[in-house]
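Presented sequentially are two complexes of subunit A, the first with subunit B as partner and the second with subunit C.
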Partner chain A sequence: MSKRSNKSFWIAFGIVLAALIIAPLVLPEFWRRFLTEILIWGLLAMSSDLLIGYTGMVSFGHSAFFGLGMYGAAAALLTVKPANLWLAILYGLCGSAVVAGFVAFFATRLRDIYFAITTLIFSQIFYVVIFTWTEVTGGENGLNFTRPQLGIPGIYTVTFTPEILHWFVLAVVTASYLILRRITHSPFGMVLQSIRENESRTRAIGYPVERYKIVAVMLSGLFAGLAGVLYAVQNRFAAPDFVYFVVSGEAVIYNVMGGIGTLVGPILGAGFFLGLREISSRIFGDQFPYLIPVGVIFIAMVIFLPQGLLGFAKRWLNR
Partner chain B sequence: MPVLRTQGLTVRFGGLTALNNVNFEVASGEIRAIIGPNGAGKSTFFNCLTGVIRPTAGRVLLNGEDVAGLPSNRISQKGIARSYQITNILPNATTLENVRIAAQSRRHGWSMLRHHANFRDILDKAEAVLHAVGLGSKAEELAANLSHGDQRNLEIGIALATQPQVLCLDEPTAGMSAAETHETMELVRRIAKNLTILIVEHDMQVVMELASRITVLHYGEVLAEGAPAEIQDNPKVQEVYLKT
Partner chain C sequence: MSAMGDWIGFVWGWLATHGDIIIIQTVNGIVTGMILALIASGLTLIFGIMDVVNFAHGELFMLGAYVGVVVLSISGSFWLALVLSTLVVALIGAALQITTLRPLVGRDPLNTILATFGISLVLQNYALWQFGPVPRKLDEPITGQFVLFYLAYPWYRLLIALLSGAIIGGLYLFLKHGTYGIWIRATTQDRVMAQAMGIPVPWVHTGVFAIGAGMAAASGVLFGPLIGINHAMGLDWVLKAFIVVVVGGMGNLGGSIAASIFVSLLEAYAAIVVSPAQAVIVSFVVLILTLLFRPTGLFVPTPK
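Let's turn to the complex of A and B:
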């Protein structure tokens, strides 16, 4: 990347970040909450972009990582008193790391559609376990808990107001973005892209491809788990619906809509898709199958904007 | 001591014996050509040496260490590199990145938190290799946009960047013009000063000029071995190969 485009990138980054910081102060309650949620779903989609866009592996198992993040956070918040936010994050990350390690170990032996299907099956196994193991997970009803406070318990804490919650989520998502961006530019990230471009050649020049894939899936799973923790903290519950594979499918859709291999694209895609769905449901009402127009627009975008919104915007700007 | 040696190397695909009890030795610093009619087992031989195929029987000794059956990434780390008959590069990466990623396979491959361009040692190595293969001025071009001849040389550059002891070149001049062929021959001669080269080639002129010794494969077996002049005069070789 040249110096000049690097500079314009950081300017754009600063403007968007500033807008997102100011947003909760000016938006009405509903949209403020909506925006916070977009950031969380964007983080989930961004984590799967590490696999889809950079390593060339499409995962349909991210709901398992996301869900285990939620349940991990729930475990920390329900068992440890006083409730500790950092412990919730730690438990959530551990939960998703265990699942990601398990899935990575088996699924990375397969490629392409076989990898996708295997991740899908694993996530469904976790869904069934969580759904049926009522004593521990609350089964269908899930788990409810109170939101922890921000800060270090006993020393300094602030209660989460909607604004503070938004800023907290924004900080975590921004940090995750910067870390993921750095990873994709690192030697490790270049190896992942080399695997995407030409797997056998990457092996032939000396890289243990399977190990790289395992680490990539685990990293991706950790960030997906982090998104799960944030969602749990925001909504004060963990529910099996979020381990269901539909969530994984949505993460893939956000990637396709926003532009794979861009990291910010998936966040944009999440915002666009969720916004579209919200508007469609308001226009057509709950009685009408309001997802049909959303689906039509999605199909049109796949055909006419195959590189996603961000890819399109980039090309248009460079014209 | 020979740098690379095979003992009783045999590969069977079902009922077909692609390589049969191949005993082969190459001394350090040699340029060895491997020739033979189509289907003689030349590519299978390379695939065995570089870990793409696991031999049915036999050993591949690199500096006395048996590397037969190791996966290709381990063999690469041991010091055997190859270029491919059909161009096999990262088409959507720049020429420099193709070579840089190969150089990076020796160290820093797991580094995650520093920008790849900050590893000056890797970048210097990659740039040196690009100059060595004559692509120094095309570092920032996409590999897919290079001419066929340049892509073939990039193939060699990628292999070179892994700092091999033994370099296997699978028809490096395939599809090249006469001028490009000449340049690539010069390139092979230059790099041969520091490493051992095995070369599969159909162009007899290239073989005769480049190779210090020639091994002839026929139906998976070694038919003859010797200096270019000896091979040319060998009646068995003339019968199966040179005449056709």
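Let's turn to the complex of A and C:
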């Protein structure tokens, strides 16, 4: 990475960040909410990019981490009075960390397709448990709660308005992005990439591959849980639908559409996906299942644009 | 030792009072296992020959059931519905393979998972749009029953198990003795050599995908009368089929049939104690244990 490209990266980063900060002030209510949602789903996709793009493991179980983040936040907001945002984040992260540790311990022993299927099945186990354990999780109806206030208790508090919520989500996503970028550029991230390129050689050099994989899954799970907490705070509910495998599948779609192994790509992919969904419901009406056109575009992108939108744009710019 | 004796006595007493339900669940487990074997053998055939993990297999099963509903409502004949549905879905499968999977040959297997996942999304939502969210019912062709303890047990369920067995047996004979079956096995063993011998490998792949799709459709029509048919029914079954394919050993036809019956029996027994929704977890646990201790599958010889 040369100095010059590094500088242009930070300039682009600053411009995009500034645009996202100003956006809620100029956008109408609907699009402001839309943008906030893109950021949250983008965080989920970015977390799974750490596995798909950098370690070469496709997880179809990120809904479990996301969902446990939601339910963890719900537990904090419902049991502790007065509701505290930071406690919700802590509980959510603990919930997703426990699940991620469990999944990582078993699933990382397997590779490729087996890893994908095992993570999928683990997420279905958590779905079944949450769906049937009605006394604690509210079963099919999920849990409803009020949105906590933002602030440091006793010093300064402010009620969430849509703008402040957007800025809060933006701050969390930006911080997560910078941390993930730091992780992927660190020696640890280099080992993950070398596992992706050639696992047996990495092992032969002397790295404990299994331990690296477990840590990667857990890190990825933590950030997915953080996305779950944000989603719970934004929508004021936790529901079993978000533990269901469809959410994991969508996270994979965001990655592929945006471009794997880029961290920014998945956010772009989430925006592209949600934008397509919006366009489809505007053209065909709300009743029409948007996943038909979106699915066809997705298949076409897998065949013709395996690098995703960002990879395609990069190649096009370099030409 | 009297505690031990008490315990044995308790187990015997429980078995004596619950013997009927155990036998009923055994029959149920075998019937479900045979249907599952029919779905899983298509899946394992596709994986073994094409290295494609077909995420859309459950949707082909669902589509087969829906085509069956449509043909049955027009013609009134269940058997015609079974045959037509198998053929139609086999053709759809061939078309899907040519348009989406053929361009991906030679790329990372991950791409085929993504592509078939995309197909499953499209098919599932197409069914939702075309048929609506209300479950459809498929009438069974024979309504006779026999008495199994206190239950009136439908003959149709036993017929399903027999028919599934017959279809799988037909597949086995076809692979073993048919000319095209020998082509398929040759492609499995050595793709490049088969190509060099003049076997049209791309068309073998298309044919295999069509056979797998047709078998999924047949099981959808056969099993339709026992369950409500809706657009989301595929996922449960494709997950179970994945489980048995892995437990039986990827790409191993006999293993996946044995695993289907094994897993279905375990689930049926678990359903005596807990609710059927929770009994699903038993098969998940079997899968995890298999992956941990025998990752190549339970029903294959231990690799040296």
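Of note:
What we mean here is this: the second predicted complex is superposed on the first by the 316 of 319 C-alpha atoms of A that agree within 3 Å, B and C clash if a C-alpha of one lies under 4 Å from a C-alpha of the other, contacts with A are read in each partner's own complex, and residues count from 1 in each chain.
Rule of thumb we're sticking to: contacts are C-beta pairs under 8 Å (C-beta built on N, C-alpha and C of every residue); 3 or more make two chains touch, one makes a residue touch a chain.
Note that the structure is a prediction, hence the values are computed from the model and not measured.
Contacts of A:F168 after superposition on the shared chain: neither subunit B nor subunit C is touched. Legend: residue contacts after superposition of the two complexes on their common chain; A:F145 is shown touching neither subunit B nor subunit C. By the touch criterion defined above, A:L110 reaches subunit C but does not reach subunit B.
When both complexes are overlaid on chain A, the residue A:R203 reaches subunit B alone and has no touch with subunit C. When the two structures are aligned on the shared chain, A:F65 is found in touch with neither subunit B nor subunit C. Once the two structures are superposed, subunit B and subunit C can be ranked by residues of subunit A touched, with C on top. In the superposition on chain A, no subunit A position is in contact with subunit B in one complex as well as with subunit C in the other.
Residues 182-183, 185-191, 193-194, 197-198, 200-209 of subunit A touch subunit B in their complex. Subunit B makes touch with subunit A in their complex at residues 50, 52, 71-74, 76-77, 81-82, 88-93, 97, 100-102, 104-106, 108-116, 119, 122, 158-159, 161-162. Residue ranges of subunit C in contact with subunit A, taken from their complex: 53, 100, 103-104, 107, 109-111, 113-115, 117-119, 121-122, 124-126, 128-129, 235, 239, 242-243, 246, 275, 277-278, 280-281, 284, 287-288, 291-292, 295.
Touching subunit C in their complex are the following residues of subunit A: 58, 106, 109-110, 112-114, 116-118, 120-122, 124-125, 128-129, 131-132, 245, 249, 252-253, 256, 288-292, 294-296, 298-299, 302-303, 306.
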